[in-house]
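Let me begin by presenting the structure, written as structure tokens, before commenting on it.
Labels run A, B, C and D following the written order; every chain starts at residue 1.
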């Protein structure tokens, strides 16, 4: 499906003594991009919760390829990589122009919003994630 | 009263592109030191909440005097500056050795832990803060 | 002068266990707004540095008035409060609609960008800050 | 080899609206633990830099297994998983008692401290990492 693009503002405080964004902040950026992506797919997080489904990050892999500096126009591209029975996987690319600074693959499980027990990915969420 | 001393570990990620701790993190350090101080005064935060009292930061003033670097052995000194009817003020000094890097004066109001409405500083908390 | 308005995106990770933005993050927001304001005044930070002047935060006072939640459309309003010989003071208001969540008054000194010694506020920066 | 154990203090600000440590902070904890581990292995980071070698995180995988709350006595266990020609891999486990909250496997490349170009893992660092 078409790539969803989510712009992120790098904060000065996120840049470390080496002058580039410290590695952990990408997980913060991707979390914001996840929410933008869910909304883009027709399932904004508050609506998802209200419908009885929550998502939990259970696994993520990150590859760091280039540094990002304060002021760089960072964009997070998000796409659905896989939808399983009780989980789905998203791919993230943090890019400045055409340069990929950090790429990630992240697995979320769908859980009951109250009990926090695993549940099947609801059909409408599944359809939304498939675009 | 005797100064309470609370050691804090500076994290690499808290150091900015200029090589010193970014200004906002001191509020994080002071928040940890507040909790250490409350425990030191006989009122650990969970006990305070259980007794029906919560504290809310309503005002803080910070003076920045010297930079702190990663690896510096930072200690936060805390003392009670004033206890009013529904609030109390603590003084904080973030020090490396004898050098004060940042000094703050912070006002907390005491509130009902459930209603979050202002309440009188309980007598036992008052006594604890006075040492 | 007219209020400069700088929108800020609250990140989920900035919201604490009480469901509102943790107090320290406002200093991060105000730092971003400072840079937006400097650019708005005709002195973007890189240009300022290139011209031989840097600014250092030496004092800040914050009043916390209301909680901000994830998803709230936060805007930082910035205005020049005072310009002295070697320092200037900015006022910040973090607002959601008409509600002020946090107000701050912050003093910056101007320093030589290399020596980091105090210097007079340059005339062109002074003019820019006065609008 | 024997597990190196590095205690970490969870800060209140690192706990999110769900009452548990937000996912990204583990990368901050592991970064601190890396430095503790390097020192434990006889190669404290400043000494490593002075000897002409720096390390760069290029890949990390994290599995999230349980939530950590404010006040939990968190310990990071670190061990060497593999040493290659120009990289080494460390395993991290963030534990509260016997419960693993988050496990990670992280690849670092060794680079020339000035040129930041890849270099062979120096023999003495290699020996240190092998214990």
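Please note the rule applied: a residue touches a chain if its C-beta (ideal position, glycine included) is under 8 Å from a C-beta of that chain, and two chains touch if they have at least 3 such contacts.
Remember, predicted model here, so these are calculated numbers, not experimental data.
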| item | value |
| --- | --- |
| Relative to subunit C, chain with the most remote C-alpha centre | D |
| Separation of subunit A from subunit C, taking each centre as the mean of its C-alpha atoms, in whole Å | 29 |
| Mean-CA-position distance for subunit D and subunit A (Å) | 24 |
| Intercentroid distance (Cα basis), subunit B paired with subunit A, Å | 35 |
| Of all residues in subunit A, the ones touching two or more other chains | 12-13, 22, 24, 28, 31 |
| Overall pattern in which the protein chains touch one another (line/ring/star/complete/other) | complete |
| Subunit A-touching residues of subunit C, taken from the complex the two chains share | 9, 11-13, 28, 31-32, 35, 46, 71 |
| Footprint of subunit A on subunit D - complex, ascending | 22-28, 31, 56-64 |
| In the complex, subunit A residues that touch subunit B | 12-13, 15-17, 19, 22, 24, 70 |
